[in-house]
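By written order: A, B and C. Residues from 1 in each chain.
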Amino acid sequence: MGVREERLVESVLFSASKPVSIEEIKEATGLSKKKIDEALEGLIQTYNVERKKETSIEVIKAGNKYTMQVKKKFFDQSMMVAEPEIRSHLLKTLALIAFHQPIKQSNLRRMIGPRVYEHVDMLSAMKLICAKKHGSTEMLTTTKLFPEYFGIDSTKPEEIREFLAKKVIKSIEK
Amino acid sequence: MIKRSSEGDYLSAVNPFDRSVHLVFDLVLNQHLNPWDIDLVNFSSMYLKRAKEEKIDLMIAGRIIYMAWKVLRMQSDNLVINMEAKKEEMDFGWGDIPTGAWLESDDGYSYTNLVMKNPHPPLEEPVRRDSKRKITLIELLGAFDQARKDVEEFQLIDRLRKEERLRLAEKARKKMKGTVHEDHLEEDIALIWEKICRYPKKFMSLSSICEKTDPEQRIKTFLSVLFLAYEKKIKVFQRRFPYGEIYIKTVEYT
Amino acid sequence: MGVREERLVESVLFSASKPVSIEEIKEATGLSKKKIDEALEGLIQTYNVERKKETSIEVIKAGNKYTMQVKKKFFDQSMMVAEPEIRSHLLKTLALIAFHQPIKQSNLRRMIGPRVYEHVDMLSAMKLICAKKHGSTEMLTTTKLFPEYFGIDSTKPEEIREFLAKKVIKSIEK
């Protein structure tokens, strides 16, 4: 097994920051599929078996992709330093849409001001909300991806709204 | 010969190399090409090589060397100015820069030269992870809680802002009520417009349509003229700013 | 030296997508400054010395912070994408500012021409340089982020200058 190949694949997994397919590794390194398979096997052996107690990082297969990640037991620390995918202002707008859906963009504008336009664009691009023409404004709802993302066991807008409302009341009562 | 070579008179160089070098230096000296685009090190080694290999015209060589010296002056002038800037700005912790090593203009000069000429910059962008973590449901709930407070605050500020706007508009209206301006502005505009239309030419000065000695009359005329310009009935301009005469030109279709 | 502490700090360096300070590591892990110092020393020893040939990742000090990144030689090989010319011009401008700082924008214009305005805007937006009004021109200096971003182990202007001079000489020798 080539040591150099293993180092190349390792550097791709590290810098990709998300699961990558063999095809993507091939494109980045120019290595053959066989060499990549061997290198991945070698990396899994090194990280997860040989260095098991000497590292907090693991290499895993997720579906058809591979990724390098922090082991579960070190997850809490990494959560503190890793940057969240959705910035706080944007998350607030998403929360308002989820609670008030279906909501007219013009009404949301009255709640948060003109930044609504930029936020709706960004959340639509992330496929978390859907904006449908409704007269001179847009009607906003969450998409199928939304419950998937937050682990909510429902896809219907009204059920999601209810679920969130209950959760909020609970957290206020605490 | 030296005197002639340093003067601006053009020397017709026969050798194509001399001609091209002359042309490039001329671009820097007279056409404001960036002096740092000239690789003097490369130039001098090529020129020395040629001097060794063939007979060169000393008159032209003198002129070219003089031009090269001027380009070098322009390059180093930039650095000298930088050094001076450094001395002025010493007060925010830059005072510790040693006067030896890197402050020497030689080092600054060669560094700048090398950075400009080398295809690779001396800085390399690092490869790091760009990992972003997912948002949890708890965070979404927290965000809603915060958003509710933000909305309340936003709506309160928005309401206050609207009320304040109304209050100011009302105040302004009250102030204007009964004043000469409110009562007569429209009348004044109509009057001035009539004056402009009656004027024998399409082009006139402001002082030609109002009483020069009466300041109130002048202000009234000026205000009306501004309104007419706003309505695109006339064009208003001034040749000398700010104290020159104000001119009025009626727009063609009128 | 505590093995657990080293794993904790390793997971933090891995998860943060930018260099982190001792203070930030402290907040994430709850470890004392002394333990963190020891752990960092241990990690630098492990990654950069013991596993030197067995990993493509290194742990380095960048400014006053620490970071985990891909070693230069693997970056070159694994990323086959050609460096766009704009990027390289921008880096050259930054290298000139870093060396000659504090430098007047008007003087920098004499070195690189009118592209100075666009470059200064872009570098300011990236928070790598700071432009302060100085008469009719601007005075340019690098920011605290500069050494952190490029993994330069110093925040002192004269040391940064030395670092750049060495790099320039190295790049000619190549």
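Everything that follows uses one rule, which is that a contact is a pair of C-beta atoms (placed from the backbone, for glycine too) under 8 Å apart; a residue touches a chain by one contact, two chains touch by 3 or more.
Note that the coordinates shown come from a computational prediction; the quantities given were computed from them, not determined experimentally.
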| item | value |
| --- | --- |
| Most central chain, Cα average position | C |
| Identity of the chain that, by mean CA position, is farthest from chain B | A |
| Distance between the centres, which are taken as Cα means, of chain B and chain A, whole angstrom | 44 |
| Centre distance in Å when chain B and chain C are each reduced to the mean of their C-alpha atoms | 32 |
| Inter-chain centre distance, chain A versus chain C - centres from mean C-alpha coordinates, in Å | 27 |
| Shared-contact residues (touching 2 or more other chains) in chain C | 14-15, 17, 70, 75, 79 |
| Shared interface positions of chain B, touching two or more other chains | 127-133 |
| Chain B to chain C touching residues, read off their complex | 34-36, 78-79, 81-82, 85-86, 89, 94, 96-98, 101-102, 107-108, 111-112, 114-116, 118-133 |
| Of all residues in chain A, those that touch chain C in their complex | 3, 7-8, 10-12, 14-15, 17, 28-30, 46, 53-57, 70-71, 74, 77-83 |
| Residues of chain B that touch chain A when the two form their complex | 127-137, 139-141, 143-147, 150-151, 154-155, 158 |
| Chain B partner contacts - residues on chain C that touch it in the complex | 14-15, 17-18, 67-70, 72, 75, 79, 87-88, 91-92, 94-96, 98-104, 107, 110-113, 139, 149-151, 156-158, 161-162, 164-165, 167-169, 171-172, 174 |
